[in-house]
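The first chain written gets the first letter, and so on, giving A, B, C and D; residue counts start at 1 in each chain.
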């Protein structure tokens, strides 16, 4: 086992969350729970990025009273990536929810297996 | 700096603009805009291709006034330009061929949204082809995913929406893994720009620092893209998605979307990780194994299938297996073969989908083999096109499929370890292809004395027939004079590394 | 040199035109005249090509950089081209009368012409890739002839034919890959290309003969075996012969005559090309491949005759006999000495003419009386004597009774296998050396057993046959003339063999 | 055992083998030849059905009966649980080797971030370095990102948009179906809060380059304001100033403006033409070149999209 597991406890938590989200996305047959899993997964990645961006003892990268020193601010790039990622995950969740609504209106269930069974029944 | 170097940027931006504007237009207008756009972008890509061929080297285009690694930048070489050109042509033909079905299957008043989706899809494909920055790649992968999902579910019945959900779930898993791997790679290298990443990765690999995270990051990225491009064990969503969506969508999805991801993987292998380092991680053996399995199981499921379009969908599982087998060879020759197969399969598979829809149309809309009997006589053009496509898939000489199989075999015999499995599976899967495609062809040419369905005349489907002829020509050209294309691919791959 | 291309593409073009022409408002007479024009034109072109551009090679285009599609006329090509020309003309004119009763004549003639062109291309092919290319096209274009009368059996037979041929072709392709890897060229060169190759270092396809024999002899032998089996499918060699008896009976008689006289010979041609022009006999002689090959051929000879012996339907019986006769040829080729190979090539001609006659006769019988089973044919000789005389002579030839062509070829085969002194024979030598001729003789007897009863019952129906209802019904001259011509040819072949044998001997000895 | 045997007897492989041996034909069942005469509809129906059923019989669909489903579920769950545990373990193992947390020497603190921090203010004129980075250095990414939002709204529209005729009918059928009963407290609060929320959103958008915030967050806030107003006063009142037409115009203009600015920026930058957008004095509202207008466009687009999501989900139309 590597040296940094407990130093990187933040990343470790992020990874745990990622696994949990991944599991939900795979495991749950209920669509809403799947979507929740998806969001957990994305959030885990953002947490990971945020942890990566942090540097001990420095402040957020907004130039305060003209100090423009590398030593003063944390790394801005991960924060930017997180911003982008959040927007992406918002739109994806919206799309998934819309799909879920349509399926629910048609089959009156949120269970994906149930839906597949009904599809098999109606043949098509 | 030559003006031509703006063209890649222009083509991406144009697609975005066209998509945005089309969302405010009526159906017809959106269609026209889309067609013009595809024409223009085809020209631009062609010009870029010529330019890169003349200068003989790739060029980098800085998006903005800040040079990389601070700003974004895109990069165009021979291979990028070739792929972009090919994607545009295929998309144009697929849209033309499926136009009449689109009007039937999409509820009126929403057709313009279909064109919005295709415009943005094209833009994302081009961006994936041209990008030189991993995070840009991620953003456009997302655009690609969402618009592909839109293409699936725009024909709205239970099947397609369920298929769309399954597709979204799988590809979100994929992009989650991709993003995580990307972040790890960023954490290890401190760059998002491909070329700088490559330097740092090379340095890390040399010093052996952060060895495990590096390998895990590579694995995450590869697996993510494999999931998104429906490599064998992850293909569960594919048959419904291809089999029930409207025909242009099926053609575009099978021939462009998955290929876009695969091209991105090629780019990552060459431009981010480096071919040798990638080969040293044993992941290419895994890709190889899964590719072989896909070739066999895809064909078997296709043989079991009783529905033409699902059959074609399964066969594209097998074809994707071919491509990954080419990766797995771990040689330049294998990579060349894979890239060529990307092109030839794109041409063939979309042709098959478009032709199949013509056949089912003259069979009362049913896709079961029982109904298809004699469809080849009722719609001669579609029948001929389907035959050509099947022959190309089976690997008949004179068609593109033969050349790609030849290249694969050539690559296989150069790799001592993987030669026998590759060649044997190649032969087996070819014979399996022969079984189900020939079955279908015989089927559609089985004469029926009296048919319930009227045969269709040329006048009714001028556009359709012309599209089919164009597709057939593309196939035959790729099959007969493949040498220039292969040379371009070699040149382009050389430019990559 | 363009004569080559013309002789290949003119019939193809003619056939395509026929296919494209709209079905309706075609006067049959005009159609026939057009078709016969096409036949004659092709005949002229082929003869011109054979005489004028002998030993000329012409490259059409490059499939890939290392794979040109090129044509080249050599002795073997001439031999097969002549056979193709004669049989196709006769069967073609025969079908004018035969096809009168069938539907979709236009389609039939169209594909018939295309196959004609493709076969010429096969004979003139200059390298293995060109050959393979047209071999596949042959499979595709000859399939419509098999499933012509779209009945269920016909479609099944066609599907089976297609499947077997494709499997065979891909097996062959599998072998070709290895050859391609190990040899500098795929062009047909007498005596094989392997000795000029430089075997298998990964970088380039070239190294030294020693290497070729060295590192990857085993894999090359596997490749050779694959090629033999694969192309053997077309020639109905044992493990994959099942398509032949299925395909022949359902096809229209002239088509099945062409099939078993010429199209299956494409398989033989392929074997000749692969063994004597790519691998070279020296490479294969004495290897396990040769042993296996000999075993298979002998097995096929015997089994084909047996199956034919217990087969009631005439055309099916003829099909089985084709299976066994083709393996005579393959046996000759497998022995790999000058005499036997000469015998094999002679038998190509002899069997071609004879089997064409037999099938055409069967067609004539079906078309006039509509009877297909042998036992229905009592007294057929009284009804159509001329036809049955031709049948009798031809079957005597197939049995191998002098002075017909069959005798000569079988003589050469037998002597060849007796005087064979190859290491393979040294190994399990005595066995094969006497086993070969014995099997040939036995199956000759069987041949007599399954061909002659028709003659006997045909001419001597027996006392209880009522001569009251007997009326003479010779078929139309369109049918009889081709039959007679082919019969005469088969006899001439036996009467003046030297003209051919010397020439064949001559070029065969260059192959060794 | 016997069951197995039967299955084996008429398994696909055996049928195929028999066909190769020439006993039966492959076309049986799977490829019924349609009889020469036109069969009755029922007949055709049946033919297709039994061939279909035969297919199902061969390889029973997993969802055909309860037990199979149960077993499949169990198996699937077990496998995916294992998979997830495996993933978690591998990832933790990886984390253990990652560069340590909060350490200034990590590889990601390199010349790239250095330049962003040290010259960002001069080069982009944005006090908020993150905004400067995503909207100026990496403007292309951000354009793509707003296109993700746009295309998502298009897809939701495809799924949930109901055309107006039906909409009208529904509303006629159940009057004020989507309207809240006039709830005094809600409406009062909304009346007070909505302007404040709007002003706050605009403030955040305008200060995107000076303080945390920017187009996306501000836009989201404004969208929230719109949503609050709608849920208090109903769609009819909202449509007086914000209906589908205006929505489209706003969205398209916002995105096109963004696109135009972006293109101008990329092309001038790439071709080495100096662009005429002044950077202004850092720290002022009207400064930092293209960032302010872009922020504004993004804010407008995000606000529209947020409201569109809400309206489509709730009512199937704007």
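Brief remarks follow.
Here is the rule we use: a residue touches a chain if its C-beta (ideal position, glycine included) is under 8 Å from a C-beta of that chain, and two chains touch if they have at least 3 such contacts.
As the structure is a computational prediction, the values presented were derived from the model and not from experiment.
Geometrically, the chain at the heart of the complex, using CA-atom means, is B. Remark: among chain pairs A-B and B-D, B-D carries the greater number of C-beta contacts.
Computed from the mean C-alpha positions, the centre of chain A lies at a distance of 28 Å from the centre of chain B. Between the CA-based centres of chain B and chain D the separation comes to 22 Å, rounded to the whole angstrom. In whole angstrom, the spacing between the mean C-alpha positions of chain A and chain C is 69.
Work out the mean CA point of chain B and of chain C, and you get 44 Å between them.
Looking at chain D, one finds that residues 26, 33, 52, 91, 93-94, 97-99, 106, 108-109, 112, 116, 138, 141, 145, 148, 151-152, 155, 159 touch two or more other chains.
Residue positions of chain A touching 2 or more other chains: 2, 18, 22, 26, 52, 77-78, 84, 88, 91-92, 95, 99, 102, 116.
For chain B, residues that reach two or more other chains under the stated contact definition are 135, 139, 142, 146, 149, 153, 156, 161, 180, 186-187, 212, 439, 446.
Within the complex formed with chain B, the chain D residues making contact are 12, 26, 30-34, 36-38, 44, 47-48, 51-52, 55, 58-59, 90-91, 93-94, 97-99, 106-112, 115-116, 123, 136-141, 143-145, 147-148, 150-152, 154-155, 157-159, 161, 163, 248-249, 251-252, 255-256, 259, 262-263, 265-272, 275.
Listing the residues of chain B that touch chain D in their complex gives 1, 5-6, 9, 13, 16-17, 19-21, 23-24, 61-66, 69-72, 109-110, 113, 116-117, 120, 123, 127, 133, 135-136, 139-140, 142-143, 146-147, 149-150, 153-154, 156, 161, 180, 184, 186-191, 200, 210-213, 216, 303-304, 306, 366, 368-371, 373-374, 439, 443, 446, 448-452. Here chain B touches chain A in the complex through residues 135, 139, 142, 145-146, 149, 153, 156-159, 161-162, 164-166, 168-169, 172-173, 176, 179-180, 183, 186-187, 192, 212, 244, going by the rule given at the top.
Interface residues of chain A facing chain D in the complex, by the touch rule stated above, are 1-5, 7-12, 15-16, 18-20, 22-23, 26-27, 29, 51-56, 60-63, 68-73, 75-80, 83-84, 86-88, 90-92, 94-95, 97-99, 101-102, 113, 116-117, 120, 123.
Within the complex formed with chain B, the chain C residues making contact are 61-65, 67, 129, 132-133, 136-137, 140, 150, 155, 158-159, 162-163, 166-167, 170-171, 173-174, 177-178, 180-181, 202.
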